[in-house]
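Next come two complexes, and both contain chain A; in the first it sits with chain B, in the second with chain C.
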Partner chain A sequence: MKGAFLVTATALAISVSSAHAADVKPAVVYDQAGKFDKSFNEGVYNGIVKFTKDSGIQVREFEPKNEAQTEQGLRRLAKRGHSPIVAVGFSMASALERVAKDFPDLQFTIIDMVVDLPNVQSIVFKEHEGSFLVGALAAMKSETAKVGFVGGMDIPLIRRFSCGYEQGAKYVTSDATVFENMTGSTPSAFNDPTKGAELAKSQFSQGVDVIFAAAGGTGIGVYQAAKDEGKFAIGVDSNQNHLQPGTMLTSMVKRVDLAAYNTYDQAVKGTWAPGLTVLGLAEGGVDWALDDNNASLVDVDMKAKIEAIRADIVSGKVSVHDYMSDNACNI
Partner chain B sequence: MFETLILILDATMRVSTPLILAALAGLFSERSGIVDIGLEGKILGGAFAAAAAAAVFGSAWIGLIFAMLASIGLALIHGFACITHRGDHIVSGVAINTIVAGLTVTLGLDWFGMGGQTPTLAGDARFLSLTLPFADAVADVPVIGLIYSELLSGHNVLVYLAFACVPLTYWVIYKTRFGLRLRAVGENPHAVDTAGISVAFLRYRAVIICGILCGLAGAYLSTAHNAGFLKDMSAGKGYIALAALIFGKWRPVPVLFACLLFGFLDAVAVRMQGVSLPGIGEIPVQAIEVLPYVLTVLLLAGFIGKAIGPKAVGRPYVKERA
Partner chain C sequence: MNQAKVPVWVSIALIPFINVMLAFFVSALVILALGEDPIEAAGYLIYGAFGYEEGIGYTLYYATNLIFTGLAVSVAFKAGLFNIGGEGQAYIGGLGVGLVCLWFDSSLPLMVIAPLAIIGGALFGAAWAYIPAYLQARRGSHVVITTIMFNFIASSLMVYLLVNWLKQDGRMSPNSRTFEESAWLPYMHELLAPFGIELSESPLNASFLWALICCVFVWGLIWHTRWGYQLRTLGTNATAAVYAGIDNSKVTIWVMLISGGLAGFVGLNEIMGVNHSLLLNFTAGYGFAGIAVSLMGRNHPVGIIVAAILFGALYQGGSELAFEIPTITPEIVVVIQGLVILFSGALENMLKDRIEGFFIRKSVA
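Our next item is the complex of A and B:
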């Protein structure tokens, strides 16, 4: 009897330890814009698809419908022993902090925000550097010296995009006017294309001819408005050039797909480590997108200039002010 | 300054269109005695049907027909529950809103596999802007030219249709026999019944008209104003339309102005962002966002007076009690 018990216990111990070594049970919680926002969340989703294809490991997904479900979702995934759990977006920081404290043995990764806990990896991007590049390109393309910015929710992170963009535009055309609109002050501001289209039309009517939308799903309305009016738009997060070929000047690509992929990959290889990772132009974390869909809009001269600016930022010759360093955009 | 005002009014027309259609839909329904809190759901259902059909058939007009069919279908469910089975109007309306919110995303996922969205529409699958005759020719004429070319011209056909619906509704409600009976059945169904007219049939016709108008509003959202369906894209417009209906005291012309007011506040809110006012400085986004709601409360509390709805609204008609 006692022997049988021992055998079972040993078997159990073996199975548990092997579970730790080989079976990673990865999971992800998207933000409220949903995984098919063609932008930020979809970037993460693409990274997950690639991971599943390469490793054959399924990733458990959760899409919260509202703020309250975020923590419930994280907690439920944690209770089922999923690890690492990737939380997509700044808005999950406080929920993740609570859940991560309660499950110290699990690995968590948060994108776009810093959570300082021993079992959390924080991945943030230098959006201001990428925005600087597309701002410079917008100013080169603009014939009116007026460029626009449509942000999603009014938070410091989005102000960081806007501030970098403005610096880039003024770096190229020192007297450029930058129009700036925020869609709203709740997370739903990232999924309101109707409002996005109205904001874009309002800017176009004031003389703007290039708009950068850092607004998740709201951007779809901005790109549509640009198409309807024959003006230019700049995409964000994922490469969105294919959404409206011919009027998408470029996209400010933020490699969230890479961030998600690497997290899972590191977990499988056992190299996952907590702490802060900052990805900028130099690390390939942010960049501008040039492909078949926008090749005809960017001439050789513009391309050369942008690449030069890019090299200057990487080498430190041009320094881009980060809005979040002092919560101000005095340039 | 004048140009800015024209551009704001131009945006007002675009934003008000779905509100006007939905509010007139509610007007027909409520004037007949059927409370319709399900406007929101019918708009959303119509928007989805329009975008889905337009994506499949490549024609905005076919999309429009499907939008009206879907919306009429939902209206008939509401009618069946409230008229035939004398159910609670609010419960039935809320049920429709809830069902549609979930069903559109589920069907969208199944049919298109794009996370509940429909494919982006282009070309004939959308209602594009119409340029009125001579709009470009008179654009340079001061004042009138700008009003004609910017404000009146350059909208899509559904915008013009929505504004045309207002006098049409007025005529139907106040000048036709059907309209007289419709108003009577909302005030005193017993009298209508005594006169030998079917209360149920009248009310069914009213909810069908309501469905048609909500379908138009939905099609406008997904195939004219936007280029495709997105989850929850009606974004509370049905409720705002209901508020406008009460604002306008269930009369077509005041309802139009209530809708235009809401649209105008929305358009101003978009414009005001980032603008520095003399003496005040730049207004924060949050303060501008709250403006329409604050004004609504103020207007409701101070200026509108008592809004009294049709007398028999929300009460199922029971013949025996007469």
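Our next item is the complex of A and C:
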């Protein structure tokens, strides 16, 4: 074991000495869903891959498995002088708050949550606006005037998706029925394709013909069920149109990749600044996805209508209620 | 085979040690297959868990949770009950601790809040175990099934309470407000500072001491009270227990209440000691890991402390390992933990006869 300690000591020494090799030592801490969730975290990962390709700078990654490891990971990255450090997900707020206070010279960025400190950039998205658009599209596509929503955990963030979606659907078809189901009450609800498929099948059997899944990896099961039953599904966070071409009506993209990329890019250029950034439709932070995989499902008329609604939201003519503004979804 | 001729240290120390080493050997093969150096990996794992003060602090902090849940499982197991519900009981126990802190943090000092929180955690955890216990004792619904089901009910209840009632207004994450400092359990590095012992910061807190006290309590209860005798009799032979005049239903219920209360103390460490607010998923699987800890520790408090520290070291060293060698993902660390459980739990008897046979022959010769 003595040899092992020597190896460790040498490795530590090397990592310390390389601390001054580059000015920007970017790092990221994913949330507990893991890096390859085909959705939220993977969006961040894609942004990082692009950044590494463009700049040649490696980004240090860490995937914690519980609350304690989140703070531990952040703290350890900070101790080694990594900056900027991107924290992915709302659940990291309290850990980041404590760590950022202890390392005031380092730059931190948190996605999906606001941490009000002078060295933290908070990036939040107007998920309700993007969800409104895909809700409108779902209602246009639906022949039964019944659309479905499958969420991950029943937490405010997911209710915000659901609320926007419902408003969008009712904006197009005022008497539309929106079926809503949440997958579970533990973080595994974001990684449970089997249950996602079951919920989707149950909604389909009640007449629903389009389902929006805001549930991370659980969505994979929803899309499969939609394909099996010849119905439609809507993806979330990343552009998931390619997962089941011909079934995926669209995806509500949330450009977390852009958020991560910009943070690192700004740090390299020296333009990184703390504060709150809110990315909505107008800023290109959320949007609906149209590509070769779903072009045949969205006809010209629908596309024109959606673009019109999009313009109305950007201009403020249509205002989308944000669930989190009053913890209620009264439409 | 005459058990008496096998030295005690062989069955309680040597065999578990060989099993753990076998698990590490297979882990090394997995790491080799990934194209990494297993010696280097072992170095990071051991250094991460025991190599520096902060690492030791984290190891013991994880061990604290595992001692509580390990004790909870072992008390029930001694009475022949398999309590799989440690996860849910810990979750609800944490709710009890959290509610006490939220109610009293601005009006009472720590010296009053701490005992109240201990009572709160124990009561809530025990209450969560009571229903499965009642169903087992009086209605014959198997406790394994009902306790598992209660884990899911616990997490649903916690989501409901945190999202709809306890969440701070205007914040996105479903957390309660942060407690006032009067409801924070002191950290070990703060506790020992007045005595001139300087430790680096880690989440290790006073609840570790409480975990050790609980170990003594469980030891005394099981082996040195009349009541513990009833408990062990029930576990060894339920029919004989009835014949001896023991009320099995009553013992079942009491055992499960104590088991649930012990699991509920996880909340002391997580809620009062570290997070200082009520939040979702703080139990992070400790309830289930407690089953492995209890099995490995031979259901004895001393064994449980050792096993809990081993598992704590795997948690902490494993996180260090995943951090240092990016190709070793957290999933591989779970594989290593799984192998340890497999070899020291499920395959426990694989080598037992051969090793014991060796010592018996030796003592005869």
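Operating definition for what follows: the second predicted complex is superposed on the first by the 309 of 331 C-alpha atoms of A that agree within 3 Å, B and C clash if a C-alpha of one lies under 4 Å from a C-alpha of the other, contacts with A are read in each partner's own complex, and residues count from 1 in each chain.
The rule is simple: a contact is a pair of C-beta atoms (placed from the backbone, for glycine too) under 8 Å apart; a residue touches a chain by one contact, two chains touch by 3 or more.
All of these numbers come straight from a predicted model, not from anything done at the bench.
Enquirer: After the match on chain A, would you call chain B and chain C a fit or a clash?
Expert: After superposition on chain A, chain B vs chain C: clash.
Enquirer: Does the superposition put A:S94 against chain B (first), chain C (second), both, or neither?
Expert: Touch status of A:S94: second partner only.
Enquirer: A:T194 contacts which: chain B (first), chain C (second), both, neither?
Expert: first
Enquirer: Now for A:S202: first (chain B), second (chain C), both, or neither, which partner does it touch?
Expert: first
Enquirer: Is A:T177 touching anything from chain B or chain C once the two structures are fitted on A? First, second, both or neither.
Expert: In the superposition, A:T177 touches no partner, neither chain B nor chain C.
Enquirer: For A:V114, using the defined touch cut-off, is the partner it touches chain B, chain C, both, or neither? Pick first, second, both or neither.
Expert: After superposing on A, A:V114 lies in contact with chain C but is clear of chain B.
Enquirer: Once chain A of both complexes is superposed, is A:D154 in touch with chain B (first), chain C (second), both, or neither?
Expert: After superposition on chain A, A:D154 lies in contact with both partners, chain B and chain C.
Enquirer: For A:G73, using the defined touch cut-off, is the partner it touches chain B, chain C, both, or neither? Pick first, second, both or neither.
Expert: second
Enquirer: Quick one: is A:S185 in contact with chain B, with chain C, with both, or with neither? Answer first, second, both or neither.
Expert: both
Enquirer: In this superposed model, does chain C or chain B come into contact with more residues of chain A?
Expert: Counting contacted residues of chain A, the larger count belongs to C.
Enquirer: Between the stretches 42-50, 60-68, 132-140 or 222-230, which region of chain C is in steric conflict with chain B after the superposition?
Expert: The segment of chain C occupying space taken by chain B is 132-140.
Enquirer: Which chain A residues lie in the overlap of the chain B contact set and the chain C contact set?
Expert: Overlap of chain B and chain C footprints on chain A: residues 34, 154, 184-185.
Enquirer: Going by the contact rule at the top, pick out the chain A residues touching chain C in the complex.
Expert: Contacts found on chain A: 1, 3-5, 7-8, 11, 34, 61-69, 72-73, 76, 90-91, 93-94, 112-114, 124, 153-157, 184-187, 324, 327.
Enquirer: For a test of understanding, state which residues of chain B touch chain A in their complex under the given definition.
Expert: For chain B paired with chain A, touching residues are 7, 11, 14-15, 114-117, 120, 129, 221, 225-228, 230-233, 235, 266-267, 270-271, 273-274, 285-286, 289.
Enquirer: Write out the stretch or stretches of chain C touching chain A in their complex.
Expert: Result: residues 39-40, 42-44, 46-47, 51, 58, 61-62, 152, 155-156, 158-160, 163, 167, 169, 171-175, 178, 203, 270, 274-275, 277, 279-282, 284-285, 319, 322-324, 326, 329-330, 333-334 of chain C touch chain A.
Enquirer: Using the touch definition up top, name the residues of chain A that touch chain B in the complex.
Expert: 34-36, 154, 179-182, 184-185, 191-195, 197-199, 201-202, 205, 217, 220-221, 224, 228, 243
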